[in-house]
Amino acid sequence: MLETMNEVKVLRDPIHGYIHVRLNVVWECINSAPMQRLKRIRQLGGAFQVYHTAEHSRFSHSLGVYEITRRMVEEIQDLRQGLSEEEKVTVMLAGLLHDLGHGPFSHAFESVTMTHHEQMTRRIILEPSEVHDALVRCDPSLPEKVASVIDHTHPNPVLSQMISGQLDADRMDYLLRDAYFTGTKYGEFDLERILRTLRVRQGKLVVKESGMHSVEDYIMARYHMYWQVYFHPVSRSFEAMLTSLFCRLKQMARQDHPDLKRLPFLIPFLSDGPVSVQDHFLMDEPACNYGFNCLRMSEDPIASDLAGRLLDRRLFQDEALSEKGQRERLRCLLMEQGWDPEYYLLSDEVRQRPYQPYQGMENSMAWVLMETGEIRELSQASEIVEALVQGQSRNDQRLYYPRQLQRY
Amino acid sequence: MLETMNEVKVLRDPIHGYIHVRLNVVWECINSAPMQRLKRIRQLGGAFQVYHTAEHSRFSHSLGVYEITRRMVEEIQDLRQGLSEEEKVTVMLAGLLHDLGHGPFSHAFESVTMTHHEQMTRRIILEPSEVHDALVRCDPSLPEKVASVIDHTHPNPVLSQMISGQLDADRMDYLLRDAYFTGTKYGEFDLERILRTLRVRQGKLVVKESGMHSVEDYIMARYHMYWQVYFHPVSRSFEAMLTSLFCRLKQMARQDHPDLKRLPFLIPFLSDGPVSVQDHFLMDEPACNYGFNCLRMSEDPIASDLAGRLLDRRLFQDEALSEKGQRERLRCLLMEQGWDPEYYLLSDEVRQRPYQPYQGMENSMAWVLMETGEIRELSQASEIVEALVQGQSRNDQRLYYPRQLQRY
Amino acid sequence: MLETMNEVKVLRDPIHGYIHVRLNVVWECINSAPMQRLKRIRQLGGAFQVYHTAEHSRFSHSLGVYEITRRMVEEIQDLRQGLSEEEKVTVMLAGLLHDLGHGPFSHAFESVTMTHHEQMTRRIILEPSEVHDALVRCDPSLPEKVASVIDHTHPNPVLSQMISGQLDADRMDYLLRDAYFTGTKYGEFDLERILRTLRVRQGKLVVKESGMHSVEDYIMARYHMYWQVYFHPVSRSFEAMLTSLFCRLKQMARQDHPDLKRLPFLIPFLSDGPVSVQDHFLMDEPACNYGFNCLRMSEDPIASDLAGRLLDRRLFQDEALSEKGQRERLRCLLMEQGWDPEYYLLSDEVRQRPYQPYQGMENSMAWVLMETGEIRELSQASEIVEALVQGQSRNDQRLYYPRQLQRY
Amino acid sequence: MLETMNEVKVLRDPIHGYIHVRLNVVWECINSAPMQRLKRIRQLGGAFQVYHTAEHSRFSHSLGVYEITRRMVEEIQDLRQGLSEEEKVTVMLAGLLHDLGHGPFSHAFESVTMTHHEQMTRRIILEPSEVHDALVRCDPSLPEKVASVIDHTHPNPVLSQMISGQLDADRMDYLLRDAYFTGTKYGEFDLERILRTLRVRQGKLVVKESGMHSVEDYIMARYHMYWQVYFHPVSRSFEAMLTSLFCRLKQMARQDHPDLKRLPFLIPFLSDGPVSVQDHFLMDEPACNYGFNCLRMSEDPIASDLAGRLLDRRLFQDEALSEKGQRERLRCLLMEQGWDPEYYLLSDEVRQRPYQPYQGMENSMAWVLMETGEIRELSQASEIVEALVQGQSRNDQRLYYPRQLQRY
């Protein structure tokens, strides 16, 4: 039963002006403990080590995704008239809740702990939790429906496209939000124009030809945000060091190291066993940061060193991987100078092109409704995007090691 | 003699915060009649018929170009240390004065009257005028020097690049300014970042590799502004109609039509003879608009009709030229219905790609200073720009005719 | 009959994002010649001589007032449910059309020509005109209704308050718009918050107590805009000189001066007889500016001098009137040096306080709906506003005369 | 020895565009552990519970204060020429370091733990710490000098005014920054204008009369930020609950409660003994938040309940204190329903006027340099401020208690 509230609640938001909440179930989900926990997890992991104001949380992003989804179902005529009331609330809730399963410093954490935020999101929605209970109070079938939008199994594919496709509320919010909070301008694009030109045709979200330039701009914004923010080498250095520290902690856990006693919340994540929804609930950035402060005093020199470096921003230096033997030479130097390369020689590789439609992967494609009525895949409609698809992709491989390493 | 003023004068400007004027000669040029005349000429010709707030003048743009040039010579170390004081004042003045020779509704007006704003700018600087006098009072050789920067003959090529190259103050100001006054976001890019990463190497303005993404963004901003603003079909319809009206007026002038007596300012521009600097000075948008209001009452039905349409925004409709015989069919229809196709069937073609370096044309190229010290042409440095250069260019041919035309 | 259009038309606007037009009659009024004429009249008269980008027209302001009115009737629940469809269209049209009767450089022009823009607005709506015809096509009683909202005689007083009260769409648009186009920040306030907290109680627009601080901010914004922009001495110097020139022209008209023959549009305004709607239609800023350029060559030395000064921005200097005899001393000096004080010694006085409720003048009052349900006049509800009402008002008297005057 | 770096370092910042760092000692202080710790303390304590994006840290604010101070010494001529190089670096460092001593959730924490952030800031600068060491490496007398600016004992009083007076870098940064990160507009004012009009006269920072309106605007911005953000009842409810929880923890500490063993970092703050710089260093928001998560499982029902409420945002409801006996009635109700009023009936009082000059307290006064050369205290120069000073101050007393309380 879709109870509306007496008065629309509004939450001030710098990106959207206000977040508007009319439905009781949405309000209850926002006020649930698992959603409030997202205030304790930063949206951008280590990017605040490059852009010092990138301190915004996944909570505010989640509200933003909800708000764009809400505007879509209320302002895009094809959705307002084409979706049932139940589909509308389902997709708005999917937008709001889609990030529930994230842990702290997302990628680094997941890579070591073998958790997957998508699965955890699903579990929080489907297993007993304040969120689950709020959904059930509204409609017992709601948890399953919301989860199915998030994992792309809902019978109406448009719902999934709205929160995770090429022109989805998730990306549209995070580009604008991350641009605002980093203070860069690369992520800006014309959200109003895209919303005004979205239509539904043949079970797909499509953008009218007259809005195509806004989409081109959005594709470029995304590309620039990747290289200037998400893939910034300093941010990657921070995340590589986090990964290294977590590996060390797992190693210590295997040896039942006494210092871990003081970090009970971390323990479930350091074995390869399953973690419970409750374990996950208690694992947030404050827990990690507190833990790192404790580890400064650890007997384990590597854990202690890495933890202090992470907190005090004494990050590893980065170097492009450009020649054969480079890694091996660094490894030797590190060993000579007493650093264990397993924890002190790190590397990663990132790769991105502005847009890449894959045959058979609907979600990788954006669609344009031409003035003639024809529907074309974006790179078939835009000279700019066509050029980008045919051009080279950009990739970057880097090595990371302590700044103190002596080079000869 | 470079007299500075007692206090830096500042003019509030929405794009740059403030315009800063320290030199007497700059202040005198700003306050001269030919510069003040630019307040009576809109920067964007007919674009205000699409974007109703695009009403800003060439005067404010000129101040903006001056301000960016001033920041370049004061903030870019290679210019601050590498240019002489005389070169600095010369290039700032060239930035300020480069648009002096513009007439009203620039392109339409020039195409009919055979005037060229570049030549006229040169004449206003070199022939007696308030601007010329102000320059001479500062230094008798200044007019010639300023003019040589504008027409690319100054011995130091960097000066010309600063106000008319691929990364010049002119374009950087107009993209930001036109974006602000139209209310679009396409023209936005990161001016601060580009200024911070500009260097001079081998007699060229180059941008450091770390600023290359800002240049990519700027190239895309330019491309989008072209298609969304400068080449907007409604704006082109307005300009095509202006051209048509001026052609009619020339025709009337050849026949010595009595209605032109009331428009003395227009007459010098309707024969193909030379116009004087004074004729040009009096020819501004108010003169045209006043003239059009007079022409509403003209005995000549075509001039009267076109003038009223332009003022009241009853613009011709536009249609993409897409098939053979299309123009001919329209011509027949117009004639059948009593419209003279010479004035009522108009067409144009626009073509643009985001960036196109031409062999041997230095001004068409942007240069990147790679981290290795190497200097590369932009499309050799950026995967994105390379793709755009190799992709198709976009062009658009349109026909314009009265909305009242009956189609069968 | 309220015909809606097939598709909502949107006009891009930097203040409101988009102007939304759904009703045919609104679209027709926007496209009528009298509305399009407002593109040829600047919103801020002479302020562009101080803030060089203050070049926006009354046309864009009129669209903005319409848009705020539209949002009020659609977004404020008490209006959405409390007004009839007919009242809604009436007030939106009143917002759109309320400035139709303005002449160029409004205050200076009106003070000399004895026209009143309010009367002229009324006549354009009620006498035959493209606007009148569009209104009648929709509903024959519409012209009378719209006019009655503008002159505060409509039976529902809320409609008049919406476009001309203490919290009206007119002022809310012009403060935001003038702030944007001057590049100052003083005019900014939180429009969204005010709109969200407006209610109708006892036949009055009131603001909820929770929005009162936004109203305080708006009152201060208004106060600052007055002193920093509208009453700026340079702008007042320009307007005083305009007034002086118009006085001179009236004098020349009384003497049937031959130079006025070339300025036929001006003549109806230089006698004290009535002007027609058609005379008014042709009188715009281009006509004045063209006329001033003609007058540069006039035989009348005062008209010629003043016209050139206005166009070239050689403005009179201003001086605060601070002591007895100051005016007399200047008058003597001017006469000694050959300047006719009637035209060369000008003065004005401006006076403003942030907010001043007058007993019995409903329009001078803003109302607050307290949490208790009580309705209080603003200065009874806000400590800040109470203080301002009891404080001194600020006034400023100035004298203006040529900068060339020699002082001893 | 003021070593400058090879290249100016810039940090992107949404408020100032970039933070510019030229001096080595500044760079070293920024990268010290005590400064980096400020990334783990939010600037606005509990305001993120009202404005969900108010998640910015004291670190970014500190950089902003430094940047405004840097601009002051470089751009205000009286400071650029009037201060010695040593004074300049001293005041910039004082701006950067002035908040070092803050604990988490500042006011709540201080009120219970009896620490004072000013004293702690002083100790971090003067006692051995990475910050102290960096200062000494530059100049052994620097710690003492920087500390003296912060505690207003430096021989040049202008330095203290710059970072803590009526027009100081601290407040100017936090108003703009808090406005940006909350998404409100109340805190905006014209920083550029104020900086341009600041002068030094008679050993005082004064603002020129022509900048006085910007100061009026700034005073109002401050007033509105206090009431809309800093004193928001929800934020105060959060802080009152924090205070209540810390009181409970002190009580538990006195009883040596075993649950506190798991929170070793908190213990030094729960007795009334002195805390060390190292204790303070480890006390940050993650430690508190981690601690609260532990306390959820505490045997102490009050600590457990309050900790969970704080984390999950189940805040007490607030009620204006308006009648005699109100508190007593609530106390009875609470007791009847089993809530201990010592921890469940909270109250506070806030009081603020826009500006209040106190006789003999130089720091409470702002000064205006009149056009006549006279220097006046702000309320003697501005009608607006005079009115505000003479008007009533606004105060607000509230009670807080669980939303679950049954009222009859």
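Note that the chains are named A, B, C and D in the order they appear, and that numbering of residues resets to 1 at the start of each chain.
One rule holds for everything that comes next: a contact is a pair of C-beta atoms (placed from the backbone, for glycine too) under 8 Å apart; a residue touches a chain by one contact, two chains touch by 3 or more.
Predicted model only: the values in this text are computed from it and were never measured.
Minimum number of contact steps separating chain B from chain D: 1. Judged by contacting C-beta pairs, the busier of the interfaces A-B and B-C is B-C.
Distance from the centre of chain B peaks at D, each centre being the average of the chain's Cα atoms.
One simple way to say how far apart two chains are is to compare their mean CA positions; for chain A and chain C this gives 50 Å.
Centres computed as Cα averages put chain B at a distance of 32 Å from chain C. With centres set at the average Cα position, the gap from chain A to chain B is 44 Å.
Counting partner chains per residue, chain C shows two or more touched chains at residues 17, 184. Chain contact summary for the complex, chain C toward chain A: residues 10, 17-18, 192, 196.
By the touch criterion given at the top, residues 184-186, 188-190, 213, 216-217, 220, 223-224, 227-228, 354, 383-384, 386-388, 390-394 of chain A touch chain B in their complex.
By the touch rule above, chain C contacts chain B in their complex via residues 11-15, 17, 31-33, 36-37, 39-40, 48, 51-53, 55-57, 59-60, 63, 180-184, 265, 282, 284-291, 293, 311-314.
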